[in-house]
């Protein structure tokens, strides 16, 4: 469904990722693991069209998308829930969610429906729907970010470190929600530090190191891989 | 690193200075520094036009005759953005690179900056400013071109007091010139038994709307308003005063010209009861109609006094050079300025300037005009 | 008493013009976080376009205004594309200098085309109305009414339409906007377009009570900056309120304190407000 | 030989050039323009320390320049003080006012500080413009004396004036160099980096910001005082915002936060705008775009651009060297393996 | 008591971020603060380090009331801290970044700088030596000449530690030192913290990484909605119902 074919990306003269190959099939949860600065976010941003690769292709449903602009890619059905949430802090939760449905802005009925669905997933957001997003706690903001991504009804949803800085309790809930979204038919690509939790729900994974993919395999394979265990799961 | 520069507006070599050449021809460079860009550019350009037009006429007539040798005038103009320091740099440059014996400048800041070194660097200042201080300082190489404005006080005051009354409100432009005028007019008006009921300046470069200040001035129920500055905004002030119901007269300081104001107000009706400098176009000097025609052909508008006075000034300098028999000795040229004025050809005499004072200021005959029944009528000045 | 009412009216007129200019400025600031020092130049160009359309092409005042909005809006978009877009990652001071460069350029080119002298724009609404001892001219009434209409329109556009919301969204988080599928380049251009059009409207309304000349942009620019600071940078209600506050301060200050020092009053007021509230009266929430 | 582009060498080269300049040319005009440029540089250095090293962009700089100029002028012309005494007093007055204004304005940050100081600058300008009885208002002050003799040294020729201004400029550069390369300078940079962080590592940010602000106004005042006694006429326009923008332009084009930036930027802009004089009314049609393009293509200014270029060059050299090393390693590896083969 | 807060409270508008918190930090121990997002942990640090003035209550350090002191004075007394987001000067080398950390222990002023006095030279040397020493301590000697911008996240965290240590503190407050750092490197940071305590610097940290906290901390305080809901050893906290309900959740520690 989504294929990252041999891409490399530079920031100035610094090559951040090199010859990355990733394949994501319909309905999967794919997890990207790796230390800080390994290139996970860069990969995401390249798929999203925020960075342009100087080599390689990104193919989505048989179509080359690496030359498209970020907004076009959202229209194609790939939505990223980025690192740092990137919410509109002074807009209310409701407005944030509405903006998420920007690509479907003409379809008022659908917006309403999806919104209800988001509120089912995160009941707390309905209570806070008129509060400015910036006033919510970190965990709640993360929910808004995911909700906003859902509003675009994506085919593929990329989540960049959704658990960072969240309390364990919230992290747990977060992964449950991700699983549920996946069950409802959305393909998920997930970047995580928290390899343990991520691999539990994933179908397969890629391990990044210094801009390269060093290990790839199914989640069981990665779980049992010693070096992966040591570096990302901890003992 | 830095050569050339300046623009040559008239034909002639740029070899600079009083290049004596080989044959019977030479070139004398005349400098100009003034605002050619920025908000005051319109003013700078009009003054420059006067100088250029005179230079061209002189050249067409063969040039300046020094012992049978003909010198063509080459006007080198530089932009100083109305800033004294830039004027200073420009003057240094003109003297250094173009060897100019005369530098025209139309603002007192520039004149002051030039007066610091013009006697050392040896050049004449063609000073276009009626600021009294420029001649009071005793600079021996400064020639003030416009008349001092003191002479206008009496005719203006008498006329307005007789026609409208003794209460006046001051609303001049917030320039140095406006202030000087106000400071001179105030005691004079009071001496004549009048009363100044309001006194404040309008800053044309900073105020978007003059309604506020005019409202405040009219609150004091003046019979006469003293206004002035560049013609167009001054006309706006007049117009807005009328809109606010003012029915008295206007004293218009000499920077604004009645004819230029008419272009803004549409007709002279709104200006009824105004007294000011007689527009050059309405002046009855014999040379004026031809001059106006020529100027109009060249620059597409009627000439005002900025152009006219600089025009006559340039001519006077040229004639003074001939009388002094030198194009490169500023002191000598200065000494022969009176001869220069005396020798002006008739077609140049668009103003009557019989003499130059000891302080270096032209002593012109003032011509005053007022609007009566929608027409400009001359008012005797003395 | 009459004088107070008259001065309130004068302040309202002034404030209207200031608000319109400040609105354009604050919109751009909100999105790009740059103080656009070339905004005054856009204002000036707008004046010349409207004037030329009226005098040379003999157009109706309103049609001339529309053309002016299009031309100045287009110019603003061009500025965004050619200058501010390439500079989007540079620190804000750079935008300032670049904008000054543009301003110098525009002033010079206007002077080249139209000359440096003052020009008059005659509006068809020259009538004078006296009402309860207050003098209103039609043009001034027009300024006040048109400003309110434009503001209402802008408010509706920003708050009630999706396209308007994209501008607000982008002002709060550019990348976030990109990630929900908003073409941020297009929004930036749209914002500049609106900002330019607002400048054109402001100048077309105000020029008939003043004059058209190359330096006319300076007149409003400094004040517009004072206003958007006063109102909190990037805040739209702030720009409107700030504009009227400044208008009233000037007209009442000139009446009851001193005309010579009225500008000083406005600036001292600002300094005082900032001393007490270092983020302006209506700090834009979140964002920057 | 590209090492001449190192900051230090660039400054040394400039000093040398500045000293011999009057011997190369006896062009009065160039000396005049150069002297003026030096005066601007001093003011630019003042702004650079504040904006470039602590990150506080003051737009009141022209105001302080004007305060320096007016103090000197008033003390000499109106109070009849001797030149050098007035000169010193002018600097003290400017710095004291800087202290007071700094105390209030430094409570704001970033854009607010910039606009706050813009307003302060405007207020200074308006006060000078309106306070007729003291400042001569819009009319300005004339008859300001030039620098008085110091013992046998006189300053009544353009060249001696040139050297006097150069002396002050070099002093400024020296002081800046030393400040920037000392613990004090590091403290300022720490504040630019993050005020919160600086505060938590025990730096009193307010005291330090105030210090920089006062130093910056001191140099603005110094430049102003020199300007007044060089042009010998001043009007309120020297305190206008445009002058601040000019100073800022010199700084940005040269390279903000660099030591050679003020010199480079000022020289370039001053001469470019002189060179464009022949375009007259249309000068700004060319100058405006040049300015904009410079900023777009050299966002770190010319000095910064050169630094980056140097850095890249060094990086390249290092890489080349690494490659060579690698090749050698490979070679030697091959040799050893070959040797091993032999042995095997 | 070494460092102690009494009834410490902070209101932001209507929102009470820290509510009546009494907490005592023991010398020579690793003290930890945990709690859900927005519980007021960072705010609590901000109050102690003088960043925000408390609405009420007191902070007492070695018997001295430091509640009203500005943060730089508190730093001089020997209290260092790091921030949740690391903030370094990217264009300068690591060494240059750290040198300024010792500035508060020096006396040279502007005049020293202008005249390059002996005192300045000597103090510059002193700062440099201190920087080298702390960089060695945190294990960054190798990268001390790299630009700070080119470091990895974990290295940046270490630089932040070094900067704090360069101030010669007696106690250091670390706000989420291991956030966004992978488990392997997290262990390295934990070791470093232990090393700090061993060298005599008391540590107080905020973390969400329970595996690390539970191993590392001698004492934990749990905040929820600004209030202290529990305090004790890791084992006590792990089994505290209130904490599980508010923060840890079912599966508890990974």
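A, B, C, D and E label the chains in the order they appear, each numbered from 1.
What we mean here is this: a residue touches a chain if its C-beta (ideal position, glycine included) is under 8 Å from a C-beta of that chain, and two chains touch if they have at least 3 such contacts.
Keep in mind it's a predicted model, so treat the numbers as computed, not measured.
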item: Shared interface partners, meaning chains that touch chain D and chain E; value: none
item: Shortest walk length in steps over touching chains, chain A through to chain B; value: 2
item: Neighbouring chains shared between chain B and chain D, ordered by label; value: C
item: Between the pairs B-C and A-C, the one where more C-beta pairs touch; value: B-C
item: Inter-centroid spacing, chain C versus chain A (mean Cα positions, whole Å); value: 41
item: Inter-centroid spacing, chain D versus chain C (mean Cα positions, whole Å); value: 33
item: Chain A-chain D separation of Cα centroids, rounded to whole Å; value: 48
item: Contacts with two or more other chains, residues of chain D listed in rising order; value: 281, 283-284
item: Overlap residues in chain A, where contacts from two or more other chains coincide; value: none
item: Multi-partner residues of chain B (each touching 2 or more other chains); value: 37, 41, 45
item: Contact pairs between chains, per stated definition; value: A-C, A-E, B-C, B-D, C-D, D-E
item: Complex contact set, residues of chain C against chain B; value: 3, 6-7, 10-11, 13-14, 17-18, 107-108, 111, 115-120, 122, 128, 130, 135, 137, 140, 206, 209-211, 213-215, 218-220, 250-251, 254-255, 258-260, 263
item: Of all residues in chain B, those that touch chain C in their complex; value: 37-45, 200-201, 203, 205-209, 211-213, 215-216, 219, 230-233, 236, 240, 243-245, 263-264, 266, 301
item: Complex contacts: residues of chain C adjacent to chain D; value: 35, 83, 86-87, 90-94, 96-98, 100-109, 111-112, 116, 222, 225-226, 229, 233, 260-261, 263-264, 267-268, 270-271, 274-275, 278-280
item: Touching residues on chain E, where the partner in the complex is chain A; value: 35-38, 152-154, 176, 179-187, 208, 210-211, 246-254
item: In the complex with chain D, residue positions of chain B that touch it; value: 1-2, 4-7, 36-37, 41, 45, 77-79, 82-85, 88-90, 92-93, 95-97, 108-109, 112-113, 115-116, 121, 131, 133, 137, 174-176, 179-180
